[in-house]
Structure formats: structure tokens, C-alpha cells
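One chain, subunit A, links the two complexes that follow: it is found with subunit B in the first and with subunit C in the second.
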Partner chain A sequence: MEVRRSILFVPGNNPGMVQTAGLFGADVLVFDLEDAVAPSEKDAARDLVSMALAEVDYGRVDKCVRLNSLDTFCQADLEVIVPSCPDLLMLPKVHRAQDIVELAGLLDGLEGPYQGKIGILAIIESPQGLAEAYDIARSHERLMGLLMGAEDYTAMVGSLRTKAGHEIAVARSLVVNAAAAAGIESFDAVFTDVNDEEGLAADSLLAKNLGFTGKAAINPRQVKTINDAFNPSPGEIAYARLVLKSLRQAEREGSGVASVGGKMVDAPVAKRAEKVMELAEKLGLPGAGDE
Partner chain B sequence: MKSVLKAAQAGTLESNDVMIIVEPGENGINLDLESIVKKQYGAAIAATIADAAKALGVTDVNVKAIDRGALPYAIRARMVTALERAGIGPERGA
Partner chain C sequence: MINAIGRDIPDYIEGFGQVKHYRGAFATLPGGNAYGPPIRASRPGAVKVCSGLEELFKLLGLKSGMTFSFHHHLRNGDEVVNQVLAVAAKLGLKDIGVSLTAAFATHAPMIGHINNGVVTSLRTSGVYGPLAVAISGGLLPGPVVLHTHGGRPRAMAGGEHRVDVAFVAAPAADERGNVSGVSGPSACGSLGYAFSDADYASVVVAVTDNLVPFPLAPASIPQNKVDFVVTVDSLGDPQGIVSGTTKVTKDPVGLKIADTAAKAILASGLLKDGFSFQTGAGGASLAAAHYVGRMMREGRIRGGFALGGITGYMVDMLEEGLFKNLYDVQSFDLESVRSLGRNPSHLEVSADLYANPFNPGCLVNDLDVVILGATEIDVGFNVNVVTGSDGVLMGAAGGHPDTAAGAKMTVIVTTLLRSRLPIVVDRVIAATTPGETVDVLVTEYGLAVNPERPELRERFIKAGLEVKDIHELKALAQSIAGVPERIPQGERIVALVEYRDGTIIDVVREAAE
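And then the complex of A and B:
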């Protein structure tokens, strides 16, 4: 299991932001060639991101590039970016499964013989995309996750985008469910008020509780708050430890049933505890690891 | 060997960036460099610009570079974009 709690968007034509993007603790860096770049500067952004991928040391984070959509500059983006070996490519405006299959076909033709397969992350940001989310989620083995794109989605649906997010409640859950059903990851939309840290913390916790595996950040200041929200809490780690301990004890005693605090530990509880502990260990959080 | 067909420009005057203007030229790579770190890194910047030009097969070009503290990757990228806009290398769309 790789850990991808936070996905930080970085404007692809800004050298200062591109070269410092790795300093903020994000698990995934997304160099944006789409909305953050004017049409007349697409070529410059491609060259800058391509050189950065080749020359800047970002450590162990996943390096991703948000492409332009298939019907605009995607092909030109791919020709410059693919040889620089990003880990992931993010495709916006995915409306149907065929969009992912088409991108995968383009990658098959562009990747070098010794280059690993580049993964794909799809943005679900249209009513049609949401309606087709499950088919999209299981469309291709390269697809590793879905990202909820709330701004475009609400604009197309005609709903008012609010901080509380009631208007995207169903959409969020559909994205989570489609991704979970296909066995891939799901990422919540950006929280656009970069000055509201409390709001971001609450929104991140909501996303985690809905089942998202991570959340997008639009500003480096948001990364720590998102990571903290998606980290297992000390209480979750302590409870997971108790569950796993009681399971081991029941096994030693030949008992088929374990319990914690008078509540039976069934398979879903055990599985959740294992996932919490695995994530805590990967992140090196206090209380993780063997006793 | 390829020739710069027209004047072209790439980059900005923002911090960490470099604005590069290329024009058709003769007798090698002629650089007019303005940089806030010219004393310390002028030679390195010149070498990066020359390398980027040579990598695209350009041996004769006039270059004006206004540097705002760009790292080598950014200098290389801006030089490549400027030369592409001047007609060097593959057309890569918009």
C-alpha cells in the first residue's frame, strides 16, 4: 500500500513554485498544464515541467502532470512529458471509460522500451462522468484513482458551490463508491478558501469519513492540514492495537471469538484495524509497530 | 546545424525565472546577459544557454537573457521554448 493522502497542485509555468513543490510534505505533486496555464504559454509550461521532472530531486513523492483534455492539447502535452517519466498523469474532463482507454493507447505508443508504465488519475467533473464513474473506474489497469472535480461539476449541474458542500454530497459518495468497487483510490476535491484552515480541517475529515483515500490541495499551506486529517488518530491507532491484540489472544487460546470492551471483533473490524495499523506504520506514527 | 528564423521570446521577469529573447545571428552564440547573480553565476548561466542551443543543433544565434535567479533547469527550459518559437525543433502545437 502506497500512501497518498495529499495531492498538491502546482502551476506548471511558474519556476519558483515548480522547484519548491517538494518541500511541503505532499504525497503527490501535480504539475498543472491545464487551468493554471494560459493557452499561449502551454508550450513553455510543457518544457519547464519536462525539465523539472528530469532535473529536480523531489524525493520519494509521486510526480504527476495534469494534462489538457483529450479534445484540446493533450497529445502535444504527452509528446513532451512522457519522455520525462512522470509517475502519474492526470486527465481532466473524463466523461466515459473510452477516454481512459484512449489515453492508455496514446501512452502505449509513446513510452520508451525501458520506461515503466505511467499510471493514470481521472478527474470526474461532469454529470456524465459521474453517471459513468464505475465504468470509468474499471476501464483500464493503468487507472489508479478518481479525483472529484467539484467546481466544474457544480457549474455544469447548476448548483451553488458552498463551503459546506451539501450540493456535492451525493457526487462525493458516488466517486468513493465507484473507486472502491473497482479497487482503486479516490481523492476529494480542493477546498478553495486557502485562508480558512478550520474549514479545510473539517472538510478533510469529512472526506476521510466518507471513504476518500486522500484530498487535493490548491495551496502548499493546505498540505499539512490534509495529511493530519488523513493520518490515523492516536485513538484509532490505540483501538486498532487493542483489536489486533485481542485477536492474537483469542487465537492463542483457541477461541474463535475475540472482543474489545465487550464488543465482538468481527472480520470488518479486524480488517479496518489492520489497515489503520499498516498506514500508521508506513507513516511512522506514534503507537504504530510491534509492541 | 539549424538557423533561428525569427525573433522569439520565452519566460518572464518574475523571481526564479529568466526572460530569454533569441534573434537570428551569425558567428556563434552571442549572449547579452543581465542577471542579479551575474558575478557569481554568469559563466554557469552562459554555459547552460549555450548547451541548450547546441542540443537543438543551433550554433549561430543572438541571445538576450534577463535573469531573475532561475535555476539551470528553468534556464534550459526557457531557452528551448524560445528556440522552438523561433522555428527550431519540432512543432509541438499550441
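And then the complex of A and C:
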């Protein structure tokens, strides 16, 4: 998948949900072997997820598996999951750059000779992980993104987890900045009240405005709201189109300066417009593409 | 003979008689005049109230071989059927025919009455619970006849189905026989299925646990239709009659199906002012109503009417002004019971007005869209709603074939698989609703359109909906779950699926051990 707005967590031990996970429009499916699965069920979940990766047609999505942490069942997870060729693996409880390097080393040893390289998504969910976020973000070429883990993080720093999310404002921005600095993607934490659609829409818009490239979902019902929030709005697309048009016109006329509505189009505005239009084109949204 | 949907049905069935074969949804027409019950008279001062069922049986001289009828508005809370049959058994009656608009788990005692010969035949729209399993195993001497909600009043008006005594469970009644369903400890709302019984039975008995002062008005069934009023301690368990609330599903797969169904309705072009609509009480059907409601609000569309079994959700839509009227043949929850009692725009309708194909104006013919379920659907769009995938009786034809025949667009909503069984199959076990009356199948994996409706298909594709061929959906189901083995069935016919016009569209054979 070229665009990753929504990351849907699917319990790796639920056959019904594993089977239907691809139906809800999520850009990334994360089959969870960690928190959703009790220790006594880990092996059954590994087998189920491994079979699903091999057999079920999920369409054009990224298939990802959330591993158990390096100090628990990660090695056993990898031995079963890697041969089923997931696109990505998600590592929880990443505290330092070395964790990613270690996982990458394990993958080098397990991937088959003709298998593409599996990408890594890191969950930043500890004060230490957050403090070292930039080092983690640039630790290895396999790493394609950081995911903010707000529940564990707030529990560890001792802050109260609220719907408004003021307690994670700085953490969110640090994750966004670390990922942006390393040129990888960043994903916002889950919104846990699955029945609050308006709250989710507001939280998703906040995440987008903070600079996250996508957001995690814990229920299929959340996917559409998240995708809608991360889609460029018709207004954004229309504005981007005007900006790009005025730039082309200025270029044709040999004028060094373009303007829209009397305001000069400087480099950041142009860059933003290009990004919006590129995303809109990838998603096939109305108004995207050439006139 | 091979009928119009390719089913090989015997011309004569033991325990039933000569079969009228299904020839097409609108191919069979009525003839002759309507049947009438005996003319009765009453004198001033005559007493109708009788203090118990046994006393009534003796007073009327009820005897073996008669047919007794009942409605199912008390659903799984009903005890009236059990009470009446217990008295029949006590008095030594045999060979009673039971006409019950639907049979639930609460009616399991009928198994004993069938075993000892008190009851020997059953006409119903569907059977649930232990009685269904027992009948599937060959309990009755002949087949149970499964009728539609419209087919029953048709058969009664045509004189094909005659009732000696109608026992009308009455949540409220007065001493003159006025009956209402909206008040009392067993309030169930509409009594729409019982209206034909009151019109055509030879004797009409209101059975009540709530005798109120005369006059009870407005009455659902008025005193000029009712011969006797019998008081009993209780009509049944109110908990089983109505659920406290009926809610929109939270299951993501059900919501996805509902969302697709709603989008199909929008794309069909039928969603405009005057829109008329019917949907079931299941969570996914209500979710479809939820999405349709949202689109009506956004488009400022004022609908004409909603029809059928009514839930609090439809009541909310009425009160919000999304529909001008509700036509209520059956009230599913307390909110709809309350609304029927207080809102003059919420109207009680008979099964005859609702769905009888042989009258000059049944309401199903005025439906734009109906959303219906299925236990199975085949590649010819024939739908089974009376048995499970195991061939055992487990559901009701109800208004399914009636509304499908009447509505401009019939949408079947179902998951592609249930547990590990494909629901889209080559051939359904018991065709209840013929494919020619079904337009669209919506599953979580996309929708399929009946090839007879190419214009709908075009509209859906234009709207960006994921349209698939029904064979493609069947193949997808089989690729996920494998091809199920054919269910072994015995030779003996245990149920006849009667189409709304009185023809036999399919049969259910004895379930294998």
C-alpha cells in the first residue's frame, strides 16, 4: 500500500476477525500476537495468523504482525510468521535503537533467499523510548515508521489518560518530529472509546494536524473515520490545485513569483500543495490529477 | 411435477392431499367468491364472559377433529396455546388441527399433544425451538404447512383454510368482546395477524388476563366480531413477548453489510420524497434503517410509510418526521407498543391489508424497498428462510415472500459465511421466496444483482459499488470454507412451503438422524 492512513489491530486468536479483517478499508492490518492473546494461546494464534497470511486474499493492504517483545515470545513468533511473508512486523516496547537492530538481525537470519525484506514498525510506548525516539527512528533501513503507544506511556510516567489527550501532547510531537527527521512515517495512538465517533473524528484530525501520517484503530468501525480525517479535504485539494496552477503560470511567464489570492506562494506552501495533490492522486479522490 | 423454480414436487402428498404447483410469482390467480363464516345473532343482555377455558369447551361442545387458531403476537411469552391444548387433552379431544401464525420454543408442550394424538396437524408461518426439531424428525402424521403472512388471510378468505374456533389472546378486553393489544400486563401492540381469524372463524373467543370496563376503545377487534370472552390468570410471560429495546448492531461485519445495503438503496434512485420501506428487527436490518435514516436527513427526504414488524427505531424515525405513517402488523418492542397506543400516525394493520395477494390493495405492493434476511440463498436468487443449512426447520416464511413480491426492490442481507458454512449455495434446501422476486444480495464481500435487473446493476456500478456476479460470491465462499457436503435427508416430507398464492413452492424432507 502506498498510503498508510489507518492501521487496524486484529486479535490474532479470533478466526472470524482474522478472516474478515480486509473488508473495512484499513491501509494496514496488524494481526496481534501480543496484548490480545493470552500466553497459553500464543502458539494457536501464531498458526492462525500464519495460515491467514498465506491463504486469505486481503487485497492491496500492508499485512503486518505485532510481535511479542524481544524479552518474551518474539523469537518464537518470528520462526512461525516470517516464512508466511508479512509485509511488516510491529515490535512493541522499543526502548532503544539497539532493539530494532537486534530484530533486523533476527530477520536477516530467518528470511528466505528469495523473500523480500520485511519492514519494521516500532511502538514507542515508554519514557525511555520517547527520549531516544530519534535514534530509534534512524536505527535501521528496515524501519518504516513509529507508532505512539499512549496507554503504556501514560501509565509509566504516571499521567492520567484522558480523551482530550493533553497529557500526551508533547510525546505525540516528539514522535512526529523524530520520524520526520529520519524520513519515516509516524502513526498516532489508538482512540479507545469505540462508541464515540465524533471524539474519534476530532482526535484523528488533531493527529493529522500534528503531522502524523496515520493513526491506529482498535475496531473496524473506526477505520472509515480515520481514513476520512487523513484524506485531503476537498478544500485542501482545491487550494493545492490553485497553488500548483499559479506556480506553473509563473514559470511560463518567466516570473519568479507566484501568488494565490494576493498571497505569495513560497517554497513551504508549494511543498505542502505538492504533498496534498500527490496523496489525493494516490487515493483517487475527486479533484485530484491533471485538469 | 417440476415446478417453475425447478423443484420436483409430488402431485399428491400423504397427509395433505392434492398439490397445486407453483407456477411463478404472479401466475396463479383466484376465482369465485370469498368464504363467509356462519351468521350469528345476539340479543340485548346476552352474557359473553366465561370464567375459564374448560367451561367454554363444555359450553360450546368443542369436539375432536376441529381446527383451533391462534396468533403469535405474544411470541415466546405465549401460554394461551398451551392452556387451550391442555384443556383439549384433559377433555379427551383428539385430532385437533392447530393454526398458529408462528410457533416458538414456548410451544414445546405441543410435542406431547401430537404424540398422544390430541393435535394431528399444524399450519403456521414458521416453527422455532424444540417443536421445530421434533417436526423435522417426523413428529406429525402429515407435513406441517408453512404459509406466508399474506398467504394465511388469502387461504381463510378463499375458504381453503377453515377455522372452527379462533382463540384470540387479548392483552385487554371488555365484557362485550372489544379487544386491544396496547395495554395490560401482556401488552403486545398490534394484533394484525388475528384480524382474519376474527373475520372468518366460526366462533371467535377472546382470551384475556385483563378484563377492563366497557367500553374498551379504540378496539383492535370490535365486539361485533367476538362471540365469547374467557378470563384466565395469565396470557404468558411478558419477558418473552417484547424485548425492552431493539438496538442497531455494533458488529463491524453487520454494519458493513448495512452500509452497503443503504448505499444500494441510494443508488437505486428510489430514495426520494414518499419513499416507503420495510426492514426486519435484527441488528443488521436496523443498522440499514439507521443508514437510510441518515441519508434521508441529509437529503431532506420525507418518506411515505414504513411497514411490517415495527421497532422503536422506526418509531423514532416516525416521530422525527422521516416517515408520514407506520403500518404495524406486529410490534417488536415496548417502544412500538407505546407508540401504537398514542400516535395516530402509527396505524395497526391486518395481515390481509399487509400482504394478501388476493385482495385489491395489499400494502406490500406499495413498498419501494424491503430489506430481508436469509438462512441460505442460491445462485438463482431463491431464498430459504425456513430451515438452517442442516435442513432442520428453524425460521419463518413470515412476510418474506410477500414483501419480496411486492416491493420495487428486494434486498437480501446476509454474511457470506455463517460459522464455517457458505450461505450462498448452488441450491437452497427449502426455497421460500422465489428468485424472480429478489433483486439484490448484499454480503460483506460485495453485492450481486439479479440478472433480470440490469438497470439496477448499471446504477450500482455508476455509484461505485462493488458489484459481483452471484456465482463469484458463491465461489468466494467456497474458496474460504470449502464445498460443504450435501445434507442427507430422508424421503418423507415433513413440511410444505406454501407460496402466498396457495401453491406449493418447495418441500422439506425428514432430517437424517
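Rule of thumb we're sticking to: the second predicted complex is superposed on the first by the 290 of 291 C-alpha atoms of A that agree within 3 Å, B and C clash if a C-alpha of one lies under 4 Å from a C-alpha of the other, contacts with A are read in each partner's own complex, and residues count from 1 in each chain.
The rule we apply is simple: contacts are C-beta pairs under 8 Å (C-beta built on N, C-alpha and C of every residue); 3 or more make two chains touch, one makes a residue touch a chain.
Here the structure is a predicted model, which is why all the values come from computation and not from measurement.
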- Please work out whether A:170 is in contact with subunit B alone, subunit C alone, both, or neither, and reply first, second, both or neither. neither
- Message: With both complexes overlaid on chain A, does A:181 touch subunit B (first), subunit C (second), both or neither?
- Response: neither
- For A:155, decide between first (touching subunit B), second (touching subunit C), both and neither. neither
- Considering only touches as defined above, state whether A:52 meets subunit B (first), subunit C (second), both or neither. first
- Dominant toucher of subunit A (residue count), subunit B or subunit C: B
- Task: Could you say whether A:238 touches subunit B, subunit C, both of them, or neither, answering first, second, both or neither?
- Result: neither
- Just subunit B (first), just subunit C (second), both, or neither: which does A:80 touch? first
- Message: Which partner chains sit in contact with A:19 here, subunit B, subunit C, both or neither? Use first/second/both/neither.
- Response: both
- Can A:219 be said to touch subunit B (first), subunit C (second), both, or neither? second
- Of all the subunit A residues, which ones make contact with subunit B and with subunit C? 19, 56
- Query: Can you list the subunit C residues touching subunit A in their complex?
  - Reply: 250, 252-253, 255-256, 417, 444-445, 480
- Note on the structure: Given the complex, residues on subunit B that touch subunit A span 10-11, 14-17, 70-74, 76-78, 80-81, 84-85, 92-94
- For the subunit A and subunit C complex, residues of the former touching the latter: 19-20, 23-24, 56, 195, 219-221
- Item | Complex contact set, residues of subunit A against subunit B | 14-16, 18-19, 39-40, 42-44, 46-48, 50-52, 54-56, 73, 75-76, 79-80
